[in-house]
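Below is one structure; the comments refer to it alone.
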Amino acid sequence: MRRGLASVLFPALFVMLVVVPIVVGVFVAVRYAFGWASVTEDGFTLAIWTRVLLQPDIWWSLAWSAVMSLAAVGASTALAFAALITKLDTRWVALLMAVPGTVAAFLVFHFGGAWLVKDPWGAGILVAHVLILAPFLTVLFTQAAQAVGLRALQDAARMCGATGRTTHRLVTWPVLWHRLRFHLLLLGIAFAGSFEIPLLLGRSWPEAVSVLAYNRFSRFSLETRPEAFVIVLVYMVLVGLLFAMAWRKTRTERA
Amino acid sequence: MIAEGIRKAFRTASGEEAVLQGVSFALAPTDHVAILGASGSGKTTLLRILAGLERADAGRISLDDDDITDWPPERRRVVYMPQDALLFPHLSALENVLFPLRVQGISDADARERARPLMARLGLDAHAGKRPDALSGGQRQRVAFGRAILASPRVLLLDEPFGALDHAARSEMQSVFLDVVVEQSLATLFVTHDPGEALRIGTRWGHLAAGVLHLFHDREAFVTADRTGIPQERSFWASI
Amino acid sequence: MKRILSVVMALFPVVLLMGLTVSWVDGWPTLARWSVLGQSGIPVQEGLWTSAGVALVVAAISTILGAGTARAMQASRWRSVLMPLAWLPWAVSPVIAGILFMVVYLRAGIDGTVLSVMLAHLVFSGAYAVVLMDGFWRRDVARLEETGRTLGASGSHLFAHVLWPAMRRPLMLVFAQTFLISWFQYGVTLLVGAGRVQTLPVLVFGFVGEANVYLAAMASLLLVIPPMLLLWVTRNEWTT
């Protein structure tokens, strides 16, 4: 296939298969959220928005999801960093990437007891999230360390008189953070949208934002379905803003 | 610095390969020893052992009457500068230079005040705020050099640090280096594969080949020794 | 010690799950419960084939799409638009995306089908493949292609002797990773599959809801072990 045709065909396919579904979905969501497609509303209305935004549910859900995500990424980052500096065998740790959220949720659900299932602090949710995220971050940190030549930089620090601990504080962690902060933010965003773990292990209130949206969508009520779309749109706007900020700020690291 | 009987071998697929075979030398406080050696002669391994980044299989290293053979790098105050400047990518040029002062616990304000004159001396004033990836090769080497100086080394080990620079930048760097090390009264051990650089930088000379170090008693002996390749090069230029 | 700790950490989920599927006969553990897999009416087998089939198709399409799009983007003026779009699905929760897709698929009449599940998975896998292949292309493959072309290679010759050997390893990695993305998907499958497409993750949740611990553990093991084997076989690509 001539390069000319392929250089148009593949991007077109990418747009069709990846971008268009999201764009069309957002279009439909907007129609529902503003009453154009709703069975219970009569044309354009902001009633659904005021109904949703004036309830505390969505704000508590967003806050809860953000806290859940920060805790998971923070704890997993600490564990992955510890694994890197203690030189754990990454080939074995990487195998834990085969454990998905579904299985992590099930394991914590079955073995966690009252401490970790539907507990008020979300400890079970945290444990399950760390189970799937820490191994992935360990591999990511190891790859990043290799890519930047971290060992040589650590040697350079030691020759300037830095002890092991000082080296990790002034060089190891800042170098990794500098290189991976965009990835960590993306992971934070991804885990804020976590579904199966809070679905199984979370309490009925506050719900994670994805669980809230799913429950509103899945109820056999024509009133709550448009509310689900409002929640989806609010979530996407917030995530989109964070993503755009991070994209601009980390242009050089992604080059 | 005194090195006695340094030996090092590496295990390879075909057995053990001796990289250093009983290397010995003495470095006085203001000596600048230039060691000539081709690739694979053991130069880098020798410097890394002296800096404490690798362990020798046998031998002893002492510095100012201290036996530092088993000392970790952060304790030795022997700074090793490789060809790759190895600047910290998350720090600016100025922050890289004053890094050793931060390690010593000196306050940010004091550290910047101490680093500024050296930055000016090295022609880095205008580049102080730039990250390493925005600096040229020559600028990166100057930053690495400034960082090494502020680590207050007793000995500075340089592993072809100007090898990646073009002729003009290299010449300039050699001048800056000479001025600063003389000013700071630093002992240096400098390895290179360029005889001209060795002659320009050094006050004493050696040749490392197949893990064996041969030291010359004076400059004349160095330039007339066949093993260095200098006589052959002189003949070549003379014939043009 | 570190090796033992790493191995224990890696295998403990599998050991725990295995323990849940074990039955005890006369004080001895047996795998008698696994015989249900061969019985009709037990959806675990069907779930396994559905998951495998969907993941294989999605991975194959994603890999080709990723490779072709990444190459096309290298010199494209649309790169600054396409690249952020390729990253965007990462930031959208699969369930949120599932809600968006569900209504569209309902209108298109494909809701609750394997096709709808594949199309939904492709959004995430395809985007991920583009991001990954772009990285590989820019780092490794682009310069090789340029070198090949300056040496006179073009068309099928360039592809067969330069691009394909350079891309084989990245393609394998991308295939493995996009396979896992699809294999593990739960939220979006639950929604667009409308409960009719029973992949292994959907079954695990179903069995948990029915308090059927044995089948949930079995389905979990079938979900985890193939990727573990895949990760082990490709471990040199992940680790130092």
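Note that the chains take the letters A, B and C in the order they are written out, and that residue 1 is the start of every chain.
Convention: a residue touches a chain if its C-beta (ideal position, glycine included) is under 8 Å from a C-beta of that chain, and two chains touch if they have at least 3 such contacts.
Being a predicted model, the structure only gives us computed values, none of them experimental.
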item	value
For chain C, the least number of touch steps when starting out from chain A	1
Distance-maximising chain from chain A - centres being C-alpha averages	B
Chain pair that, of all pairs, has the most C-beta pairs in contact	A-C
Distance between chain centroids, defined by C-alpha means - chain A, chain C (Å)	17
Centroid distance [mean C-alpha coordinates] between chain C and chain B, Å	50
Junction residues of chain C, two or more chains touched	none
Complex interface listing, chain C residues touching chain A	2-3, 5-7, 9-11, 13, 16-17, 20, 61, 65, 68-69, 71-73, 75-76, 78, 82, 84-97, 99-104, 107, 119-120, 122-123, 126-127, 130, 180, 183-184, 186-187, 191, 201, 204-205, 208, 213, 216-217, 220, 223-225, 227-228, 230-232, 235, 238-240
Residues on chain A engaged by chain C in the complex (per definition of touch)	6-11, 13-15, 17-19, 21-22, 24-26, 28-29, 32, 86-104, 106-107, 109-111, 131, 139, 142-143, 146, 186, 189-190, 192-196, 199-200, 209-211, 213-214, 217, 228-229, 232, 235-236, 239-240, 242-243, 247
Chain B contact footprint on chain A (complex, rising order)	148-149, 152-153, 155-163, 166, 170-171, 174-175, 177-179, 252
Chain B residues touching chain A - in the complex, by the definition given at the top	51-53, 72-74, 77-80, 82, 84, 86, 88-91, 99-100, 102-104, 133, 147, 151
